[in-house]
Each structure stands twice: as structure tokens, then as C-alpha cells.
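There are structures below to look over.
Paired with chain B in one complex and with chain C in the other, chain A is shared by the two complexes that follow.
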Partner chain A sequence: MAQALLEQVINGLMTGSIYVLVALGMVLIYGVMHVLNFAHGVLFMVGGYLCHFFFTRLTGSYPLALVLSMAALALIGVAIERSVFRPLQGNLRNQVIASLGLILVIENLVIALWGPNALQLRTAATERLVAIGELRFPMQHVMIIALTAIVVAAMFGFLKWSKFGTALRATSQDRSAAMVVGIPVERVDMASFALGTALAALGGALVGPLFLVFPQMGDAPMVKGLAGILLGGMGSVPGAVIGGLIIGVAESVSTLFLPTDYRDSIAFAIMVAILLVRPRGLFGLRVRGEA
Partner chain B sequence: MPRIFSLLLLSALSAFTVQCFGQDKLPVGIVTSLTGPMAPPGKFQMNGFNLAAEEINGAGGIALGGRKYSIELKVYDTRANPAEGASALQRLATVDKVAVVLGELHSGVAAAEAPVAQDYSLPLILTVPTGPNLTEQGNRFLFRVNASNDQLNLALADFIGKQGWTPLSFIAWNNDAGRGGVNGMKKLLGEAKSGYVGYFNVGDVDFSSHISNIRASNARAVMLFMDEEPGSLAIKQIRDAGLKAQLIGTLAMGSDRFLKRLDAARLEGMVQYNAFPPNANTPRIRAFSERYKKKFGEEAHGFAAQSYDGLMMAAAAMQKAGTASDGKKLRDALASMEHEGVIGRIKFDDKGQAHPPVYVTQWCANGSRRILYPENLKADCGAG
Partner chain C sequence: MTRGLITAAVIAALYLAPMVASPYLLHVLVLSCLYAIPAVGLNLMLGYTGLVSLGHIAFAGIGAYTAAYLMVDVKVGYWAALAIATLAAGGAGAVIGSICLRFRSHFFMIVTLAFGLMLFSVMNNWDDVTRGAAGFPGIPRPAGFAPLESFYRLALSAALLAFAVQWGVVRSRFGLILVALRQDERLAEAKGVNAALYKTAVFALGSALAGAGGVLLVSFLRVAAPGSFTLAESINAVLIVIVGGAGSLAGPALGALLFVGLPEYLRVAAEWRLVIFGLLLVLITLFAPEGLAALLGRLAKRRRR
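== the complex of A and B ==
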């Protein structure tokens, strides 16, 4: 039992890490622009496809393909911000509808380009195995947890100590006041979108080799990531990290006690339970513009 | 007057053309998937039909009432969509006026097509769908060449029972096919001999929680009720996690195509039921596999063999009934005939279901397969 528990906690940390990468990107964009980008899941998926493309067709190096797909997605993020979200600024309803429309456009574009069947992304890292006690995990599994930890630490450092990070936080706290002190808020919007989509790409590119690259691969991470954000507290970066990990570990461990078909309901049951006790989530603060 | 003359000339000419250059065409309806999610297996099915039609026509066609007819396939793409299937059957019956329809891949679509076939007294010969219910509806115009899931499970349960691979765990689709398969196996093996049962939804890719549970349940073997894509993921994850249990797979997991998704080391020792071992050392299979490989440049596939046999049977039934238009006579001919096919002897029971042999094959270390079941057809690596 102890062994099964350990195995599930490690599995949960891996899925949780993926949720964290999605949630972090969404929370950055939400914090600055007050937009929930529902197309984040398909951008995650595009990250997986681009990584597959760069790896198999161009470079043959997985780390390079990872970085390239993040860079490409950052550019796509900027393009989406400029063409879709900026013209609709101030109209939350239309932004939500536009982001839902983006899902259809992007998903079908991917199907048109790569076809509806799943692709395999086989890298040397996935094939090697790591032993933890009697348990064995693919290298990729461990790498996802480690890389996410590094990215989260870098993100905290960036937000706390860098000048641009401070500008980003300022914009998220009060947009008009940020403009008054000379912060280029539109550039901050763009940067947060680029950073957010690059994180989604990282998620997709990391999970691709472990499983498969397919058009619906971003659906579950996006919904679970959103649950993580709500659980952690809307707009809170530490909340997104903790929330994502809690959901990942809880749903994995739950399968030891409950039939696996209940796995998805567990994530949402926990979210509902925490929101009943703490309506603003674990780290939620009263935010500008809310009652 | 000149107009009548030219018309006469034209009809004389066309009669001459038919006499000299070709035979009358005999339309045969085909329903399959050329596009959509079932397009890849649809290709195997069409290969089988095309090969059969080519061989029938090459050997002079079908003789009816002193005339020779060549077979012409009227192919409809039903795209795994029941509505498309029903309307295709209607069109084949009323517009194309075919005497027999063959094919289909998807049990759900076949279920929509069967009542239409019955309404028009049009024999429908299924060559791939495995849903057990299809032949339980009392539809006298429905026939099935291939084994149903019940027949496949029966053979596998017999084999597993003899091996003593129990308790048996399951990972299965959370749908009709998966749940039906698990319940069927449990009934055959007895509740006491089955262990952990885990269901997953379409689109799930992470099987780690099932693997922990199977390890904790001390199962001797794991049965995977799923198709190629999740199958390859599940096997990879099970092997990578170091789970030692015996793997048992389905029809989709015993082909060279499946090997390409994984590797011989991960597959070694796994068994799966199989309707057609393309490399078996049986003359009829060997000959078919050679002709198939020559024409299509790849390993023969069970769906192709079943479809080939289906069309060969339909042609034989037309000869026997002496008609290519009377659906009722054709039905009676099909119901009473016996055919030595590529997949084995085909004789429909009173529900229209044939009983071809079901095989269990096992992966060898070098990526080939051996036949373990039935006992009398046992053969070593390279035969499966």
C-alpha cells in the first residue's frame, strides 16, 4: 500500500506539474488583462505539435525543439493578443466568446495540417527509465516535475525582482495607476500573453513524448488547470501552483480508493469543497473591479 | 429518316461493342469507410473486395442464364455514421438496384443498415463489425462472415482458463465495447477469477493509476480491451513501470502495424486473439497472403481476408441461385451454402452468423508471432 501510495503521489506530481504550467499561463494573462483565455488548452496542444514538428523535421534535438516551440508559441500568443484580444479590450463577454471561437479555429487548423490521428513523439529521454526504490518511471516523467519546479522558481524570481516583473505586477494591481507612473501597459499585455502561451507550449511539448500528440490533448489540462486556478484563488500566482499540484495529486491518489472513472469528479469535488469554505480560493484576495 | 438510321446504327454498334469488348456489369453494393475515423481499417476492407472482384472478373465473371457478367462494385462511404449507412443502403436498393450488399466496419452503423436491408429484402453480408447483438435481431437478410465479440471472447476465455492466468485484471474503454467485453469475459471465466477492473474514457492517455492498482491486486494477467492507439500507450506504460503481469490484447494488437508503434522487447510474450494469422502455414492462407502482398505491397490483413471471402461467397450464391436480382432467392442460397474461404469454412447458422476459427497468437522476441490456439493449428514464431 505504501508503495502504491508513493507511486500515485509521484504520478500526481507529474500531472499536477502539467496543470501548473497551464494554470500559470492563464493566471498571468488573467491577472494583467482580466481575460480568461479558454483557448489556452489548444495552444498547449499546438505546443505539442510544434515540438513534434521541430524535433522530427528540423532539429532532431528534443531540448532545442522544446525551446523553439516555446518561442513559436510566444509569437503566436502576441499575434492572438494583437488581433483578437486587444480590439475587444474592455468587453469581457466578447473576449470570452472570441477565445471559445479560437478553440474551433486552431483545433481544426491543426487537424487540417497534421490530420486527426495521434502522433508519436519518441525521444531518447522518454525511453530511458529511472528507478525509485522498486518503482520505475520514464525519465521524461521525472523531467517534467523537475523542469516545472525550475520554471516556477524562475517565474517567482522574475515577478519579484526584475523591473519588468514589477511592471507586470503593478499593471495587474491597478492598470490606470500603472499608466500614470509610465508603465507601457500594452507592452505588458503583450508580454504576459507571450509568456503565458510559451508556458502552455512547454506543457504540451513536455507531455507529448510521455503520451501522444493529438488534437484533444489540451482539453483535460485546460479544464484541470482552470480548476487549479479557482482552487488557488483567481489571479494568484502561488495559488495557481498549489492549486494545480493539489488537483494532480488528489486525483491520482483517489484512484487507490475509488474506481478510476471517478478520477475527474474528484478534482472538481475538491474544488467545490474548498470554495465552499474559502469562496476566494486558498490564496485569493479581493481584486480590483470585484464586489 | 436519317435520324432513325443513325439511331439504328448506334444501337447496332453498341451491341457490337458489348459483344466484343466487355460483359454486362453486375452491380454489387459495398458500404465501408473511405474517410473519417475508420478510414485506415476501411482500406483493408476495400483491398479485400477489390482483390476478390478482380479475381472473379479475371476468371470470366459470373455465368447467369448462359451469359457472363462481370462484377462492378458500387462503393458508398458511410464514415462511421449510422445515418450515412442507412441512406447508403436505401440508395443501393432503390437507385443502384443491387442484389446484395457487403462490408461495413462499425457495429453501430451496421445496426442502422440492417433494418433497411430487411425492408428491401436485400441480403447484407457484414465482414468486419463484431457487435454480438447484430445477429440477434431476427433479421433473416443479415449475415456475418467474421466472428463476433462473443465468439472471440469464448476462444480467449478457453485459452486463458487452460493457461491458469488468473486472477485476470482488465483495463477497458468506458463504453459499450469495453464494458461489454469485460462483462462477457467475467461471465465466461467466473467472477472469482477476475481481479481489478479499470475503465478509461476516450482521449485518456495516462494509465498509471490502473498500473498501481493492478500491481496491488497481484493479478497474473492484464487484459486490454481497447484498440491500437491506447493499446500501445498502455503497454508502454505497463512495461516501463516494470509490471510483470502477462499481457492479453485484442484483434488490433497482433499486426506488424502495431509492432511499429512499439518495439519487440515491450511486446514479447503478449498474447491476443486474432481472426486471421497472415503468415500461417495453411495453404489457403499462404496463397492469399502471397497474392495480397503482390497486389498491395504489404502484409495481408484479417479485414481484407474476411471481406474477400464475403464477396467470393456472394458470387457463389448468385451462381447457385441463378439470379442477380432476386434478393429472397439469394438470401436462401446464402443461408444454405457452405464455403471454403481463406479464413476457414464459412457456414451461416440460423441467425446468419458464421463460425470461422479464432486464433490466439503470441509475440516472439524477434517481433514475429507464433500461433498458440487452436491446438491443432499451433505453429512457432513467424507463423502468426
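== the complex of A and C ==
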């Protein structure tokens, strides 16, 4: 039992890490621009496809493909921000609806280009096993958890100590005040979008080798990431990290007691239950644009 | 006056369509009607009240599966099953809606999305009742409406009934209050409106309409499959309402006709038609946020001048 529990906790930390990458990107974009980008999941998926493309067609090196797909997605993120979300600034409903339109465009564009079938992305790290106690995990699991931890630490450092990170936090706290003190808020918008979509790409590129690359691969991480954000408190970066991990571990551990078919519902049930008790989530201090 | 005449002429033409239309065209028209019914429900919620639900089609699923269970397993008659299923979807809408409505704006959208996915998961996995992912086969069409032409008249009548309900609601005091809630909820509450009650009521009504549409859809397809009630379908419903024109009476009809008809007309591969639709949606939110109905209205006005 303890063995099984440990195994599920580690599995949960792995999937939770993926949710954290998605949630971090969404929370960054939400915090700065107050945009809830439902297309984040399909961008995650594009990250997986581009990584596959760069890996099998261009470079043959998985780490390089990872970085390239993040860079490509950052560019796509900037393009989307400038062409769609900036013109709709301040119109919450239309931003959401445009993001739904983007889901259709991007997902079906990918299907048109690569076909509807799943692609295999075979890397060395999925074949090699690592022993933890008596349990064995693919190297990729460990890599995902470690890389996410590094990204989270880097993100905290960036937001806390770098000048641009400070500007980003300032913009998220009070946009007009940030403008008054001379922060180029539009550049901050672009940067947060680029960073957010690059993180999504990292997530997609990291799970690709484990669960194949397919057009719907981003759907579940997107909604779970959202659940993590709400759980942690909308707009809170530490909340997104902890929320994402809680969702990942909870749904993994739930498979020990409940049929796996209902694993997806666990995340939402937890989210709704916690929100009913604590409408601002676990760490949410303020709720912007609530009314 | 002219508008009434035009509406009457269009309705008459639609009823006479089976005399000239090919079975293929009728099929497309039936689907348009069946997509329009849940869209009317969503239009009341999204267009008039400003509630963007991302799980709307899950309530169509509740209606569809309730009716399937009643008709096939309990052997209840078609019309009784349809009525009970509609009420069941409405009741589920009242209960789930009252939870979702404790949240606002983004939070409301996410919670409706989460409920939509949970309901889908139940449809997909509760094998004993819903037959799981394979779908629930053997759903009948009502007696006398089995051939395509007569089913078309049924679907058309149902859609018209939905539009009549929408028209009645919008004209009523209830409808005025819904619009007031969209425009300024605090002000409406200060005037003594019980916002939570009215919003729950419109959520229930919208869900009931979705449920009725769901029943007719699965009896047209003769099978209820979870694939008809996915998140993607809920997004499509939002798309239909927005493209047609949120908060306009004819919006859902235009949206559904365009959503079902235009791709068939374009005759391109499925993924490209959705790319085109997605682009259309983005362009409409960017350049014509009031939707096609308003756009057509503006064009007509300009013509007259």
C-alpha cells in the first residue's frame, strides 16, 4: 500500500508539474493583462508538435528541440497578443470568445497539417528507467519534475529581483499607476504573453515523449491548469504552483480508491468544493474584475 | 409590419421546403434546427443576461440521456419522455446553475466548463445507464415522424417553438429584468431585483431548452453518444450564438444555419471548415461584436435610405 501510494504521489507530482507549467503561463497572462486565454491548451499542444518537428526533422537533439519549440511559441504568443488580445483589451467577454475561436483555428490547423492521428516522440529519457526505492520510473518523469522546479525557481527569482519582473508585478497590481511611473505596459503585456506561451510549449514538449503528441493533448492540462489556478487563488503565482501540484497528486492518488475513469472529475470536484468554501482560493488575496 | 410579413413568409417557405428540397438539404436543415434550439437557450443566458456558460451542451446531454433511458429502458412514451427529459435538464440547470452563479465573470465561465466536463465524464463512464463511450443505441423517433420530411417538420416546429419562447421571454417583465441584470446588476439589485433568483431561473430555462434540443438530436441520430455533448460542442454553441448575434431574436437561427450549412456548402475538409469558422469568430469579435443579425440589420437600414 505504501509502495503504491508513493508511486502514485510521484506520478502525481509529474502530472502536477505539467499542470504547474500551464497554470504559471495562464496566471502570468491573467495577472498582467487580465485575459483568460482558453487557447492556452492548444498552444501547449502546438509546443508538442513543434518539438516533434524540430526533433525528428531538424535537429535530432531533444533538448535543442525543446528550446526551439519554446522560442517558436513565444513568437506565436506575441503575434496572438498583438493581433487578437490587445485590440480587445478591457472587453472580458469578447476576449474569452476570441480565445475560443483561436482554439478552433489552431487545433484544426494542426489537424490539417499533421493529420488527426497521434505521433510518437521517442526520446532516450523515456526508455531509461530510474530506481526510487523499489520503484522504477522513466527518466522523463524525473526530468519533468526537476525541470519544472527549476523553471518555478527561476520565475520567482525573475519576478522578485529582476527589474523587468518588478515592472511586470507593478503592471499586474495597477496598470495605470505603472504607466504613470513610466513602465512600458504594452511591452510588459507582450513579454508576459511570450513567457506564458513558451511555458506552455515546454509543457507540451515534455509530455510528448510520455503520452504521444496528438491534437487534443492540451485540453486536459489546460482545464487542470485552470483548476489549479482557481484552487491556488486567481492571480497568485505561488498559488498556481501549489494548486497545480495538489490537482496532480490528488487525481493520481484518487486512482487508488476510485475507478480511473472518474480521475478527471476529481480535479473539478476539488476545485468547486474549495471555491465554495473559500471563493478566493487558497492564496488569493485580491480578485480583480470580480464584479 | 414588414418584418412580421418577412418572418411569416420565411416560416411558410421553410414548411414547404420538403416539396422541393433534396433529402441532403433537408438533412442539413434538420441539423440546423436542432443546433438552434440549445443555442436559443444559450442566447437567453449569454446574449440577454450576459452569462457566458462554457458547459451548455452538457445539459443537452442530460436531456438526451434521460429521454433515452426512459424510452428504451423504462418504455415510457415518446412525448412523455421528452417532457420529463426537458424538465430534468431544467432541474439540473437550476441546481448546477445555483452553484455556478455564486461565481462571477471568469470564475463563472470556468466553473460551468468544469461542470460540463464532469457531466461528460458521467455520460462517458456510467456504463450501466448511459452505455458508456459506445453510445446509447435504439432511440426512437416519435410515431408518424420517422421519415425525413416529417421529422424535418417536427424539428422545424420545435425550433420555432423555442424561438417563440425566446420572444415571449424577451417581451416580458422577466426578459427586461434579465437585460437589466446584464447592463448593471448592482443597480438592478438596488431597485429590488433578486438577481440570484432571476439568473438561476434563466440558467434553468436555458438548460431546459438545451435538454429538449438534445432529445430531438439523439432521436434524429437514433443514438445518444457522449461525443455529441463534449466541451467542443459547448464551444460550438457559444460560437453559434456569437456569430449569429448575441442578444438578438434571430441570432441563434442565423448562427446555426451558418454553422451547419456553410461548411456543407463549402465542401472542404472538416478541419479547414473549422479553421474558417474559428477565424470568422475571431474576426466577428474584433470587428462586429454584435454579430451577423445586427450586421444584416444595419445593411438593410442603409439600403432603405
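One rule holds for everything that comes next: the second predicted complex is superposed on the first by the 286 of 291 C-alpha atoms of A that agree within 3 Å, B and C clash if a C-alpha of one lies under 4 Å from a C-alpha of the other, contacts with A are read in each partner's own complex, and residues count from 1 in each chain.
Following the convention adopted for this analysis, a contact is a pair of C-beta atoms (placed from the backbone, for glycine too) under 8 Å apart; a residue touches a chain by one contact, two chains touch by 3 or more.
Note that the coordinates shown come from a computational prediction; the quantities given were computed from them, not determined experimentally.
Engineer: For A:Asp261, select first, second, both or neither according to whether it touches chain B, chain C, the two together, or no partner.
Structural biologist: Both partners, chain B and chain C.
Engineer: Who does A:Leu195 touch here: chain B (first), chain C (second), both, or neither?
Structural biologist: So A:Leu195 meets neither chain B nor chain C here.
Engineer: Given the touch rule stated above, what does A:Phe211 touch, chain B (first), chain C (second), both, or neither?
Structural biologist: first
Engineer: Determine, for the superposed model, which of the two partners chain B and chain C contacts more residues of chain A.
Structural biologist: Counting residues of chain A touched by each partner, the higher count goes to C.
Engineer: Based on the superposed arrangement, let me know which partner A:Val223 touches: chain B (first), chain C (second), both, or neither?
Structural biologist: A:Val223 sits against chain C, while chain B stays out of touch.
Engineer: Check the residue A:Ala23 against both partner chains and state whether it touches chain B (first), chain C (second), both, or neither.
Structural biologist: neither
Engineer: Contacts for A:Ser252 in the overlay, against chain B (first) and chain C (second): which applies, first, second, both or neither?
Structural biologist: In the superposition, A:Ser252 contacts chain B only.
Engineer: Pick one for A:Ala4: touches chain B only (first), chain C only (second), both, or neither.
Structural biologist: first
Engineer: Please report the chain A residues shared by its interface with chain B and its interface with chain C.
Structural biologist: Comparing the two interfaces on chain A, one with chain B and one with chain C, the shared residues are 116, 219, 259, 261.
Engineer: How about chain C: which of its residues touch chain A in the complex?
Structural biologist: Going by the criterion above, the answer is residues 50, 52, 54, 99, 102-107, 109-111, 113-115, 117-118, 121-122, 124-125, 185-186, 231, 235, 238-239, 242, 269-272, 274-275, 277-282, 285-286, 289.
Engineer: Note which residues of chain A are touching chain C in the complex, please.
Structural biologist: 30, 36, 38, 84, 87-88, 91-94, 96-98, 100-109, 111-112, 116, 219, 223, 226-227, 230, 234, 259, 261-262, 264-265, 268-269, 271-272, 275-276, 279, 289-291
Engineer: For chain A, which residues count as touching chain B in their complex?
Structural biologist: Residues of chain A touching chain B: 1, 3-4, 7-8, 11, 15, 116-118, 120, 129, 134-138, 211-212, 214, 216-217, 219-220, 252, 255-256, 259-261, 263.
Engineer: What residues of chain B sit close enough to touch chain A in their complex?
Structural biologist: Contact set of chain B toward chain A: 37, 174, 198-201, 203, 205-206, 208-213, 215-216, 229, 233, 240-242, 261.
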